[in-house]
Amino acid sequence: MRFAGIYHPLVTPFRPDGDADEGAIARNAARYVATGLTGLVVLGSNGESPQLEDDESDRIIAAVRDVVPAGRPLLAGAARESTRATIAACRRAAALGVDAVMVRTPAFYKNMMTSEAFVQHFTAVADGSPVPVLLYNVSMYTGVTLQADAVATLSRHPNIVGLKESGNDMQLLGDYLSASAGQEFVVLCGSATSVFTALALGAHGAVLALSGLATEQCLALRDLMRDGHYDEARALQQQLLPLGRAIGAQHGVPGLKAALTLMGFETGAPRLPLRPAPVAVVSQMRAHLAALGLPVVS
Amino acid sequence: MRFAGIYHPLVTPFRPDGDADEGAIARNAARYVATGLTGLVVLGSNGESPQLEDDESDRIIAAVRDVVPAGRPLLAGAARESTRATIAACRRAAALGVDAVMVRTPAFYKNMMTSEAFVQHFTAVADGSPVPVLLYNVSMYTGVTLQADAVATLSRHPNIVGLKESGNDMQLLGDYLSASAGQEFVVLCGSATSVFTALALGAHGAVLALSGLATEQCLALRDLMRDGHYDEARALQQQLLPLGRAIGAQHGVPGLKAALTLMGFETGAPRLPLRPAPVAVVSQMRAHLAALGLPVVS
Amino acid sequence: MRFAGIYHPLVTPFRPDGDADEGAIARNAARYVATGLTGLVVLGSNGESPQLEDDESDRIIAAVRDVVPAGRPLLAGAARESTRATIAACRRAAALGVDAVMVRTPAFYKNMMTSEAFVQHFTAVADGSPVPVLLYNVSMYTGVTLQADAVATLSRHPNIVGLKESGNDMQLLGDYLSASAGQEFVVLCGSATSVFTALALGAHGAVLALSGLATEQCLALRDLMRDGHYDEARALQQQLLPLGRAIGAQHGVPGLKAALTLMGFETGAPRLPLRPAPVAVVSQMRAHLAALGLPVVS
Amino acid sequence: MRFAGIYHPLVTPFRPDGDADEGAIARNAARYVATGLTGLVVLGSNGESPQLEDDESDRIIAAVRDVVPAGRPLLAGAARESTRATIAACRRAAALGVDAVMVRTPAFYKNMMTSEAFVQHFTAVADGSPVPVLLYNVSMYTGVTLQADAVATLSRHPNIVGLKESGNDMQLLGDYLSASAGQEFVVLCGSATSVFTALALGAHGAVLALSGLATEQCLALRDLMRDGHYDEARALQQQLLPLGRAIGAQHGVPGLKAALTLMGFETGAPRLPLRPAPVAVVSQMRAHLAALGLPVVS
């Protein structure tokens, strides 16, 4: 199924003056292109997209597209709070050559974000986007949840080709799979701590911050499950848990940037109000990387 | 591992006058003894235990123990809000012959229920209980969550032999498995909608209301996974989802009692403030049972 | 209006062996009888009622009734999870001479606790109780909320004479007041940090742990507001905030028992899984009491 | 105290083609200038600011400033997710002549939004803003809460002159008042259903969608309380409750726009994913307006 696979959501590096550093993200991307990763995502939650300006976002897409060859899917986050701004963002991303856009649920007016509203929003976005759309639910950050009944409707739209779910509620993920069964529609897992269970349940892949650190292990996990080696996959998942948790709910983008920096990627500090990981967290990251045999270069 | 397997948590039947009907629960239990189910649980959440008096609870245990032969594990809920009342309930249950007690987290003083408090509570309970203790977390009803750090400590107690987790958060279940790895400690899944993922993740069994309706299918699911047939197991889980959800979060004990009644079990109405499932829900249950080919006798 | 006023909810003292100490609670009660407090409440949340046995509860009511003269209202908590056990508790309390019962919402089967279920439950309780019933909502501990539409119906029942609301959501309190306007129905505030605003909004009184410590100040606050001296009342409320918060959401029953002990009341330790306030909290309580000029005797 | 008073937060009208209609908002503003309202707010939550582009925001400020005379405070929302974009927005708003900016808490990376992060963010914003800053907490939409300890620090910043709190938790509002006591710092209430209690507690004013409909009543409420007529104020608050609730948590911006349209203001439909109030809600609004004797012109 198209867009199945393992993706890494790139962080957005910032220069010491605070500007987005598109050269650095391109160099990071180039390192991943040399791996077996299916593709890359820019401007996701790990890319600090809610904190970026439109022009910065455009430069980032352009810079990464330059180093990601045509055969490798490049996805870009393109969510905005209003439907029309979201469509505009999808169009700009498409013009810059992304293979698909990943569109997070709008979330400000929480009590108005019913399934009906989501269906109307995403239908308009998919109608207006020149490239395929993946839905994106991340309740931990948005405080709203895209329900399975909306997915049942939306998965039938010819330009909506999948979704990414970032939580650990496997009943919800299972409901998404049921709701979209029989459609050309990928369900991707966005949580490193749940990737084993999500794949076991039938998810078609994952978008994992962890895959930018433990790249080979994440790919091996996918392969083991594809080949039915559940016991080895489960053991591998258990090994990956501490690092996955540390760069996820525990220390977030600052933790992820710290770990990437230790492995020689260029990240800069997060943009305020996010703050750099404190020294103690950097030490934890060092230990987590070492425990997985990952090369620490700084 | 001891206490691994598939258990059914019996509902508590009530007579038309509202009294608990220990004859009826014994007759229901006898039907399950004739199946391949590992064992039975009395006085769980599905057994309306928070609504029962101590003497009713005792009569129910005694009546069910009479029909469950010694080789088949019989577990009983024994939670109370205070530590000392919990220990007393464990002792009474032990005296009546249960193989183990299942002890839900205390939950009234929510902001005081830290891991430290849970460790002190469950340690005292395990010290005082003549029979092995299984921890029981059901956040949906209690509003508190037993954290994995507490399980790491408690799983080392010689008289704490496992836990049941009733939710769908597979990160939490995975954390429980990690926290208790290497111990003689079963992790049981309490949610019909997550049993496939829980078993995939390494859970040792399940306590399933659903197994009192779709008994053979639940056992088949366990066997398929044990033998590595994940694709068939996953398909079976999908078939079981609608009924599992209907008797779980959707319609709760009233829904479960309605479905059991349709299959010829004796349940009576739930005890107030729980109210009998309305006619429309009974019809849904009938349809769910029919979809799974289960025999409806009334 | 009947039952308007300021009440103190007594803690339940325990002996070193862990048994409830009805002699001690009677001696504490006698001290309050000598004050201007309207009345007393036994077996509330601050009285650790969810942790008490029925026979202990009965002994506590009897002992306190002995020292509270007929003219002074004595209220008793009488909630249980089932409707029938609640009615039984109301009858026992009535037989022991309480003036009214205070009945907390049932809360275990949270998703089933609709307004319809609450109306059916409390109507049956009020029908069955020989003494007047006050509804009791404490969402912080129960995780459920009695909605105003249910109060609109229930306030019309001749044997339901009021409610106590323990939170700080003044929209909810205002809705209760609107819903019961025109009825013989008191709305009492259960939060020391909101008593000023609740009285300003039209609440008829309060049930305050704080009134067992800063008794004269709580009564003065009520009097100031009754006489329209809002500015002085507001200033007094501000002075009372730190202690009110400390014995409420912050340190709960253990904090309250520590403060009462410092003032020479007999409390004993809380019953497990509640644990005694640590030394640092006792020191804080000492400082809070001193700041209000309250006499510390130990 | 500067910025004390009653403000109306203007909705943002849209043309049939979906563009922001700055002519319409200026005409609406002009009507309010003719009333006794203290001042106006643009680009708040009711102004659909999260759905507006920067250039639209600028045109709206300019158009409204044109009709609001120098003596009347005009406040503008200027929050963005990143600190630097927020500062930029404050500078643009200042250049366009607003008297102060109202800066909502950043909220995307919820688990990172500690008091420490908020202090760093708002300090940088206040340092960078040419005009005074009001903090803005609206947990219902953001899912985060600015805690009182952060307000204690921030209220000491010379360029932070107040805050607006949009919820109904009067303990939080009281804590804000305590934390900022003695500073030149206004605490404004943003909830029509809590304005009476907030003012009773000592709040210095309110930003009320309701004041754009029931303008005279909102001003009368303020005056009654200033003059110590609490009983009449309370009765007035009760009358205002149904409309206040309907345009707040119940029907939000779509409900507010419907009510304003009925009174002859120009609003247009909300911007998607917000959708126009359905016919039934419009009818409710008509009834609520009529109940308050407000003139319905369409």
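Per-chain numbering from 1; labels A, B, C and D assigned in written order.
Quick note on the criterion: contacts are C-beta pairs under 8 Å (C-beta built on N, C-alpha and C of every residue); 3 or more make two chains touch, one makes a residue touch a chain.
Bear in mind the structure is a predicted one, so any value in this text is a computation, not a measurement.
A.B. asks: Which chains lie in contact with each of chain C and chain D?
C.D. replies: Where chain C and chain D might share a partner, there is none at all.
A.B. asks: Could you compare the number of C-beta pairs in contact for B-C with that for A-B and name the larger?
C.D. replies: Ranking B-C and A-B by C-beta contacts puts B-C first.
A.B. asks: As a test of understanding: of all chains, whose mean C-alpha position lies farthest from that of chain D?
C.D. replies: The most distant chain relative to chain D turns out to be B.
A.B. asks: Calculate how many whole Å lie between the centre of chain A and the centre of chain C, each centre taken as the average of the chain's C-alpha atoms.
C.D. replies: 50
A.B. asks: Using mean CA coordinates as chain centres, what's the gap between chain A and chain B in Å?
C.D. replies: 37
A.B. asks: Residues of chain C touching 2+ other chains?
C.D. replies: none
A.B. asks: Viewed as a graph of touching chains, is the assembly arranged as a line, ring, star, complete set, or other?
C.D. replies: Here the contact pattern is a ring, one closed loop where every chain has two partners.
A.B. asks: Which of the residues in chain C come into contact with chain B in the complex?
C.D. replies: The contact residues of chain C facing chain B are 18, 45, 48, 50-53, 81-85, 106, 108-113, 117-118, 120-121, 124, 140-141, 143, 249, 252-254, 271-275.
A.B. asks: Which residues of chain D touch chain C in their complex?
C.D. replies: 168-172, 174-175, 177-178, 181, 191, 193-194, 196-197, 200-202, 228, 230, 234, 237-238, 241
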